[in-house]
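One structure is given below, encoded as C-alpha coordinates.
We call the chains A, B, C and D, going by the order they appear; numbering starts again at 1 in every chain.
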(Lines give C-alpha, C1' and ligand atoms only; values in the text may rest on other atoms or scores of the structure.)
Protein backbone atom coordinates (compact mmCIF):
# COMPACT_ATOMS: atom_id res chain seq x y z
CA UNK A 1 0.00 0.00 0.00
CA UNK A 2 2.80 2.43 0.86
CA UNK A 3 4.61 1.62 -2.38
CA UNK A 4 1.43 2.38 -4.35
CA UNK A 5 1.10 5.62 -2.42
CA UNK A 6 4.64 6.75 -3.19
CA UNK A 7 4.33 5.51 -6.77
CA UNK A 8 1.12 7.51 -7.26
CA UNK A 9 2.68 10.57 -5.65
CA UNK A 10 5.70 10.34 -7.89
CA UNK A 11 3.55 10.06 -11.04
CA UNK A 12 1.42 13.00 -9.95
CA UNK A 13 4.52 15.12 -9.37
CA UNK A 14 5.68 14.37 -12.92
CA UNK A 15 2.21 15.31 -14.20
CA UNK A 16 2.40 18.54 -12.20
CA UNK A 17 5.67 19.51 -13.89
CA UNK A 18 4.39 18.44 -17.29
CA UNK A 19 1.30 20.67 -17.00
CA UNK A 20 3.57 23.60 -16.11
CA UNK A 21 5.54 22.98 -19.30
CA UNK A 22 2.36 22.89 -21.40
CA UNK A 23 1.35 26.28 -19.96
CA UNK A 24 4.73 27.62 -21.11
CA UNK A 25 4.22 26.07 -24.56
CA UNK A 26 0.88 27.89 -24.86
CA UNK A 27 2.53 31.12 -23.71
CA UNK A 28 5.21 30.72 -26.35
CA UNK A 29 2.63 30.24 -29.12
CA UNK A 30 3.31 26.55 -29.77
CA UNK A 31 1.52 24.79 -32.65
CA UNK A 32 -1.96 23.58 -31.58
CA UNK A 33 -1.28 19.97 -32.54
CA UNK A 34 1.88 19.89 -30.39
CA UNK A 35 -0.07 21.25 -27.41
CA UNK A 36 -2.74 18.59 -27.94
CA UNK A 37 -0.16 15.79 -28.03
CA UNK A 38 1.27 16.97 -24.70
CA UNK A 39 -2.18 17.16 -23.10
CA UNK A 40 -2.88 13.62 -24.34
CA UNK A 41 0.37 12.43 -22.77
CA UNK A 42 -0.67 13.92 -19.42
CA UNK A 43 -4.13 12.37 -19.64
CA UNK A 44 -2.55 9.03 -20.38
CA UNK A 45 -0.21 9.33 -17.37
CA UNK A 46 -3.18 10.23 -15.16
CA UNK A 47 -5.14 7.24 -16.44
CA UNK A 48 -2.27 4.94 -15.51
CA UNK A 49 -2.03 6.49 -12.04
CA UNK A 50 -5.76 6.04 -11.59
CA UNK A 51 -5.52 2.38 -12.56
CA UNK A 52 -2.69 1.78 -10.10
CA UNK A 53 -4.69 3.34 -7.29
CA UNK A 54 -7.73 1.26 -8.28
CA UNK A 55 -5.68 -1.94 -8.44
CA UNK A 56 -4.34 -1.24 -4.94
CA UNK A 57 -7.87 -0.47 -3.74
CA UNK A 58 -9.16 -3.78 -5.11
CA UNK A 59 -6.27 -5.75 -3.62
CA UNK A 60 -6.63 -4.24 -0.14
CA UNK A 61 -9.78 -2.35 0.89
CA UNK A 62 -12.17 -4.26 -1.36
CA UNK A 63 -10.99 -7.68 -0.26
CA UNK A 64 -11.15 -6.62 3.40
CA UNK A 65 -14.60 -5.11 3.12
CA UNK A 66 -16.03 -8.10 1.27
CA UNK A 67 -14.59 -10.41 3.92
CA UNK A 68 -16.41 -8.25 6.51
CA UNK A 69 -19.65 -8.68 4.52
CA UNK A 70 -19.76 -5.09 3.22
CA UNK A 71 -19.75 -5.97 -0.46
CA UNK A 72 -22.66 -3.79 -1.60
CA UNK A 73 -21.09 -0.40 -0.86
CA UNK A 74 -17.75 -1.49 -2.28
CA UNK A 75 -19.25 -2.70 -5.57
CA UNK A 76 -21.23 0.52 -6.01
CA UNK A 77 -18.09 2.60 -5.46
CA UNK A 78 -16.15 0.65 -8.08
CA UNK A 79 -18.99 0.84 -10.61
CA UNK A 80 -19.27 4.61 -10.12
CA UNK A 81 -15.59 4.96 -10.89
CA UNK A 82 -15.85 2.74 -13.98
CA UNK A 83 -18.96 4.44 -15.33
CA UNK A 84 -17.36 7.88 -15.08
CA UNK A 85 -14.29 6.58 -16.84
CA UNK A 86 -14.15 8.29 -20.22
CA UNK B 1 -7.28 32.61 -31.42
CA UNK B 2 -5.98 34.71 -28.54
CA UNK B 3 -9.13 34.04 -26.54
CA UNK B 4 -8.64 30.29 -27.05
CA UNK B 5 -5.04 30.66 -25.97
CA UNK B 6 -5.89 32.49 -22.77
CA UNK B 7 -8.84 30.14 -22.15
CA UNK B 8 -6.58 27.11 -22.53
CA UNK B 9 -3.94 28.68 -20.31
CA UNK B 10 -6.51 29.43 -17.62
CA UNK B 11 -7.85 25.86 -17.68
CA UNK B 12 -4.32 24.45 -17.51
CA UNK B 13 -3.52 26.64 -14.50
CA UNK B 14 -6.58 25.28 -12.71
CA UNK B 15 -5.47 21.74 -13.58
CA UNK B 16 -2.00 22.55 -12.23
CA UNK B 17 -3.44 23.63 -8.88
CA UNK B 18 -5.80 20.64 -8.81
CA UNK B 19 -2.95 18.15 -9.31
CA UNK B 20 -1.08 19.79 -6.41
CA UNK B 21 -4.14 19.23 -4.20
CA UNK B 22 -4.34 15.57 -5.21
CA UNK B 23 -0.68 15.11 -4.24
CA UNK B 24 -1.57 16.52 -0.81
CA UNK B 25 -4.57 14.17 -0.57
CA UNK B 26 -2.29 11.20 -1.24
CA UNK B 27 0.17 12.49 1.38
CA UNK B 28 -2.63 12.78 3.91
CA UNK B 29 -3.74 9.18 3.29
CA UNK B 30 -7.03 9.98 1.56
CA UNK B 31 -9.40 7.15 0.64
CA UNK B 32 -8.43 5.59 -2.73
CA UNK B 33 -11.86 6.17 -4.26
CA UNK B 34 -11.70 9.89 -3.41
CA UNK B 35 -8.28 10.18 -5.03
CA UNK B 36 -9.60 8.43 -8.15
CA UNK B 37 -12.57 10.80 -8.41
CA UNK B 38 -10.22 13.79 -8.28
CA UNK B 39 -7.92 12.32 -10.95
CA UNK B 40 -10.99 11.70 -13.15
CA UNK B 41 -12.04 15.34 -12.70
CA UNK B 42 -8.59 16.49 -13.85
CA UNK B 43 -8.65 14.15 -16.86
CA UNK B 44 -12.05 15.48 -17.79
CA UNK B 45 -10.85 19.10 -17.55
CA UNK B 46 -7.85 18.23 -19.74
CA UNK B 47 -10.10 16.57 -22.30
CA UNK B 48 -12.20 19.74 -22.53
CA UNK B 49 -9.08 21.87 -22.93
CA UNK B 50 -7.84 19.57 -25.67
CA UNK B 51 -11.17 19.84 -27.51
CA UNK B 52 -11.10 23.64 -27.32
CA UNK B 53 -7.60 23.72 -28.76
CA UNK B 54 -8.63 21.29 -31.50
CA UNK B 55 -11.75 23.32 -32.33
CA UNK B 56 -9.62 26.44 -32.65
CA UNK B 57 -7.13 24.53 -34.79
CA UNK B 58 -9.89 23.36 -37.13
CA UNK B 59 -11.41 26.85 -37.38
CA UNK B 60 -8.12 28.57 -38.17
CA UNK B 61 -5.03 26.61 -39.27
CA UNK B 62 -6.94 23.77 -40.95
CA UNK B 63 -9.17 26.04 -42.99
CA UNK B 64 -6.16 28.13 -44.05
CA UNK B 65 -4.03 25.14 -44.97
CA UNK B 66 -6.80 23.48 -46.97
CA UNK B 67 -7.38 26.74 -48.82
CA UNK B 68 -3.66 26.70 -49.65
CA UNK B 69 -4.01 23.15 -50.98
CA UNK B 70 -2.18 21.47 -48.08
CA UNK B 71 -5.02 19.21 -47.02
CA UNK B 72 -3.12 15.93 -46.81
CA UNK B 73 -0.78 16.87 -43.94
CA UNK B 74 -3.58 18.57 -42.04
CA UNK B 75 -5.90 15.55 -42.24
CA UNK B 76 -3.14 13.18 -41.10
CA UNK B 77 -2.40 15.40 -38.09
CA UNK B 78 -6.04 15.45 -37.05
CA UNK B 79 -6.45 11.69 -37.48
CA UNK B 80 -3.34 11.05 -35.37
CA UNK B 81 -4.82 13.14 -32.57
CA UNK B 82 -8.18 11.37 -32.82
CA UNK B 83 -6.70 7.88 -32.93
CA UNK B 84 -4.62 8.51 -29.80
CA UNK B 85 -7.67 9.86 -28.03
CA UNK B 86 -8.52 7.35 -25.28
CA UNK C 1 -28.07 -13.11 -12.34
CA UNK C 2 -30.72 -14.41 -14.74
CA UNK C 3 -32.22 -10.94 -15.08
CA UNK C 4 -28.77 -9.56 -15.98
CA UNK C 5 -28.40 -12.35 -18.50
CA UNK C 6 -31.71 -11.65 -20.19
CA UNK C 7 -31.09 -7.90 -19.97
CA UNK C 8 -27.69 -8.28 -21.65
CA UNK C 9 -29.15 -10.58 -24.29
CA UNK C 10 -31.92 -8.10 -25.04
CA UNK C 11 -29.46 -5.20 -25.39
CA UNK C 12 -27.22 -7.28 -27.66
CA UNK C 13 -30.17 -8.18 -29.89
CA UNK C 14 -30.96 -4.49 -30.28
CA UNK C 15 -27.31 -3.82 -31.13
CA UNK C 16 -27.46 -6.65 -33.69
CA UNK C 17 -30.42 -5.05 -35.45
CA UNK C 18 -28.84 -1.60 -35.23
CA UNK C 19 -25.64 -2.78 -36.94
CA UNK C 20 -27.73 -4.29 -39.75
CA UNK C 21 -29.38 -0.89 -40.25
CA UNK C 22 -26.00 0.86 -40.39
CA UNK C 23 -24.87 -1.58 -43.10
CA UNK C 24 -27.97 -0.58 -45.09
CA UNK C 25 -27.19 3.12 -44.51
CA UNK C 26 -23.71 2.58 -45.95
CA UNK C 27 -25.21 0.70 -48.91
CA UNK C 28 -27.60 3.56 -49.55
CA UNK C 29 -24.77 6.12 -49.58
CA UNK C 30 -25.67 7.87 -46.31
CA UNK C 31 -23.72 10.97 -45.23
CA UNK C 32 -20.49 9.99 -43.39
CA UNK C 33 -21.38 12.01 -40.30
CA UNK C 34 -24.75 10.24 -39.97
CA UNK C 35 -23.05 6.84 -40.22
CA UNK C 36 -20.56 7.90 -37.53
CA UNK C 37 -23.35 9.01 -35.18
CA UNK C 38 -25.04 5.63 -35.53
CA UNK C 39 -21.78 3.75 -34.88
CA UNK C 40 -21.25 5.89 -31.76
CA UNK C 41 -24.76 5.01 -30.56
CA UNK C 42 -23.99 1.31 -30.94
CA UNK C 43 -20.65 1.67 -29.13
CA UNK C 44 -22.42 3.46 -26.32
CA UNK C 45 -25.07 0.71 -26.04
CA UNK C 46 -22.29 -1.91 -25.94
CA UNK C 47 -20.46 0.00 -23.22
CA UNK C 48 -23.60 0.02 -21.08
CA UNK C 49 -24.10 -3.71 -21.65
CA UNK C 50 -20.50 -4.32 -20.66
CA UNK C 51 -20.94 -2.32 -17.46
CA UNK C 52 -24.07 -4.26 -16.53
CA UNK C 53 -22.28 -7.55 -17.01
CA UNK C 54 -19.33 -6.28 -14.96
CA UNK C 55 -21.61 -5.04 -12.17
CA UNK C 56 -23.27 -8.45 -12.03
CA UNK C 57 -19.86 -10.13 -12.03
CA UNK C 58 -18.70 -7.98 -9.10
CA UNK C 59 -21.90 -8.61 -7.14
CA UNK C 60 -21.81 -12.36 -7.57
CA UNK C 61 -18.66 -14.18 -8.74
CA UNK C 62 -16.19 -11.69 -7.26
CA UNK C 63 -17.77 -11.65 -3.83
CA UNK C 64 -17.94 -15.47 -3.80
CA UNK C 65 -14.38 -15.93 -4.96
CA UNK C 66 -13.00 -13.43 -2.45
CA UNK C 67 -14.92 -15.18 0.33
CA UNK C 68 -13.24 -18.42 -0.81
CA UNK C 69 -9.85 -16.69 -0.60
CA UNK C 70 -9.28 -16.48 -4.35
CA UNK C 71 -8.92 -12.71 -4.52
CA UNK C 72 -5.75 -12.50 -6.59
CA UNK C 73 -7.11 -14.03 -9.80
CA UNK C 74 -10.33 -12.08 -9.51
CA UNK C 75 -8.57 -8.71 -9.10
CA UNK C 76 -6.30 -9.40 -12.08
CA UNK C 77 -9.29 -10.24 -14.28
CA UNK C 78 -11.07 -7.01 -13.35
CA UNK C 79 -7.96 -4.90 -13.91
CA UNK C 80 -7.41 -6.47 -17.34
CA UNK C 81 -10.94 -5.51 -18.31
CA UNK C 82 -10.54 -1.97 -17.00
CA UNK C 83 -7.16 -1.43 -18.65
CA UNK C 84 -8.49 -2.50 -22.05
CA UNK C 85 -11.45 -0.19 -21.63
CA UNK C 86 -11.05 2.57 -24.21
CA UNK D 1 -14.47 6.81 -51.32
CA UNK D 2 -15.91 3.57 -52.69
CA UNK D 3 -13.08 1.56 -51.15
CA UNK D 4 -13.82 3.18 -47.77
CA UNK D 5 -17.48 2.35 -48.23
CA UNK D 6 -16.85 -1.30 -49.00
CA UNK D 7 -14.19 -1.47 -46.24
CA UNK D 8 -16.66 -0.04 -43.70
CA UNK D 9 -19.39 -2.39 -44.88
CA UNK D 10 -17.10 -5.38 -44.57
CA UNK D 11 -16.06 -4.42 -41.02
CA UNK D 12 -19.69 -3.88 -40.03
CA UNK D 13 -20.64 -7.30 -41.38
CA UNK D 14 -17.92 -8.88 -39.23
CA UNK D 15 -19.23 -6.93 -36.22
CA UNK D 16 -22.74 -8.16 -37.01
CA UNK D 17 -21.61 -11.79 -36.94
CA UNK D 18 -19.54 -11.20 -33.81
CA UNK D 19 -22.51 -9.75 -31.90
CA UNK D 20 -24.56 -12.82 -32.86
CA UNK D 21 -21.84 -15.04 -31.39
CA UNK D 22 -21.82 -13.04 -28.14
CA UNK D 23 -25.60 -13.52 -27.85
CA UNK D 24 -25.00 -17.28 -28.14
CA UNK D 25 -22.24 -17.07 -25.50
CA UNK D 26 -24.68 -15.39 -23.11
CA UNK D 27 -27.31 -18.06 -23.89
CA UNK D 28 -24.80 -20.79 -23.15
CA UNK D 29 -23.93 -19.26 -19.76
CA UNK D 30 -20.40 -18.12 -20.64
CA UNK D 31 -18.19 -16.62 -17.90
CA UNK D 32 -18.90 -12.87 -17.46
CA UNK D 33 -15.29 -11.86 -18.06
CA UNK D 34 -15.22 -13.74 -21.39
CA UNK D 35 -18.41 -11.98 -22.50
CA UNK D 36 -16.89 -8.61 -21.54
CA UNK D 37 -13.71 -9.30 -23.54
CA UNK D 38 -15.81 -10.08 -26.63
CA UNK D 39 -17.90 -6.92 -26.22
CA UNK D 40 -14.66 -4.92 -25.89
CA UNK D 41 -13.36 -6.47 -29.12
CA UNK D 42 -16.55 -5.42 -30.94
CA UNK D 43 -16.35 -1.88 -29.53
CA UNK D 44 -12.76 -1.67 -30.67
CA UNK D 45 -13.68 -2.84 -34.20
CA UNK D 46 -16.47 -0.25 -34.31
CA UNK D 47 -14.09 2.49 -33.18
CA UNK D 48 -11.73 1.62 -36.03
CA UNK D 49 -14.58 1.64 -38.54
CA UNK D 50 -15.67 5.02 -37.23
CA UNK D 51 -12.16 6.41 -37.63
CA UNK D 52 -11.92 5.15 -41.21
CA UNK D 53 -15.22 6.79 -42.09
CA UNK D 54 -14.08 10.02 -40.41
CA UNK D 55 -10.74 9.95 -42.23
CA UNK D 56 -12.54 9.54 -45.53
CA UNK D 57 -14.93 12.35 -44.59
CA UNK D 58 -12.02 14.68 -43.81
CA UNK D 59 -10.20 13.78 -47.03
CA UNK D 60 -13.20 14.32 -49.27
CA UNK D 61 -16.30 16.22 -48.06
CA UNK D 62 -14.47 18.46 -45.60
CA UNK D 63 -11.82 19.56 -48.07
CA UNK D 64 -14.50 20.23 -50.71
CA UNK D 65 -16.76 22.15 -48.36
CA UNK D 66 -13.93 24.29 -47.01
CA UNK D 67 -12.87 25.07 -50.57
CA UNK D 68 -16.46 26.21 -51.19
CA UNK D 69 -16.25 28.47 -48.13
CA UNK D 70 -18.55 26.34 -45.94
CA UNK D 71 -16.05 25.73 -43.16
CA UNK D 72 -18.24 26.62 -40.18
CA UNK D 73 -20.82 23.82 -40.56
CA UNK D 74 -18.11 21.28 -41.32
CA UNK D 75 -16.05 22.14 -38.24
CA UNK D 76 -19.11 21.96 -35.98
CA UNK D 77 -20.00 18.52 -37.34
CA UNK D 78 -16.51 17.20 -36.69
CA UNK D 79 -16.38 18.66 -33.17
CA UNK D 80 -19.76 17.10 -32.33
CA UNK D 81 -18.44 13.71 -33.37
CA UNK D 82 -15.23 14.16 -31.36
CA UNK D 83 -16.99 15.39 -28.24
CA UNK D 84 -19.35 12.42 -28.21
CA UNK D 85 -16.43 10.09 -28.65
CA UNK D 86 -16.09 8.10 -25.40
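Heads up, the rule we're going with is that a contact is a pair of C-beta atoms (placed from the backbone, for glycine too) under 8 Å apart; a residue touches a chain by one contact, two chains touch by 3 or more.
For clarity, every value in this text was computed on a predicted model and none was experimentally measured.
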- [ ] Quick one: how many steps at least from subunit A to subunit D, stepping chain to touching chain?
- [x] 2
Open item on the list: Centroid of subunit A to centroid of subunit C, CA atoms only: how many Å?
Closed with: 23
Task: CA centroid of subunit C to CA centroid of subunit D, Å - done: 16
Task: Computed distance of Cα centres, subunit C from subunit B, in Å - done: 28
Task: Numbers and ranges of subunit D residues touching at least 2 other chains - done: 54, 85-86
Open item on the list: By the document's touch definition, which label belongs to this structure's chain graph: line, ring, star, complete, or other?
Closed with: ring
- [ ] Please give the residue numbers of subunit C that touch subunit D in the complex, ascending.
- [x] 5, 8-9, 12-13, 15-16, 19-20, 22-23, 26-27, 29, 32-33, 35-37, 39-40, 42-44, 46-47, 49-50, 53-54, 56-57, 61, 77, 81, 84-86
- [ ] Note which residues of subunit C are touching subunit A in the complex, please.
- [x] 51, 54-55, 58-59, 62-63, 66-67, 71, 75, 78-79, 82-83, 85
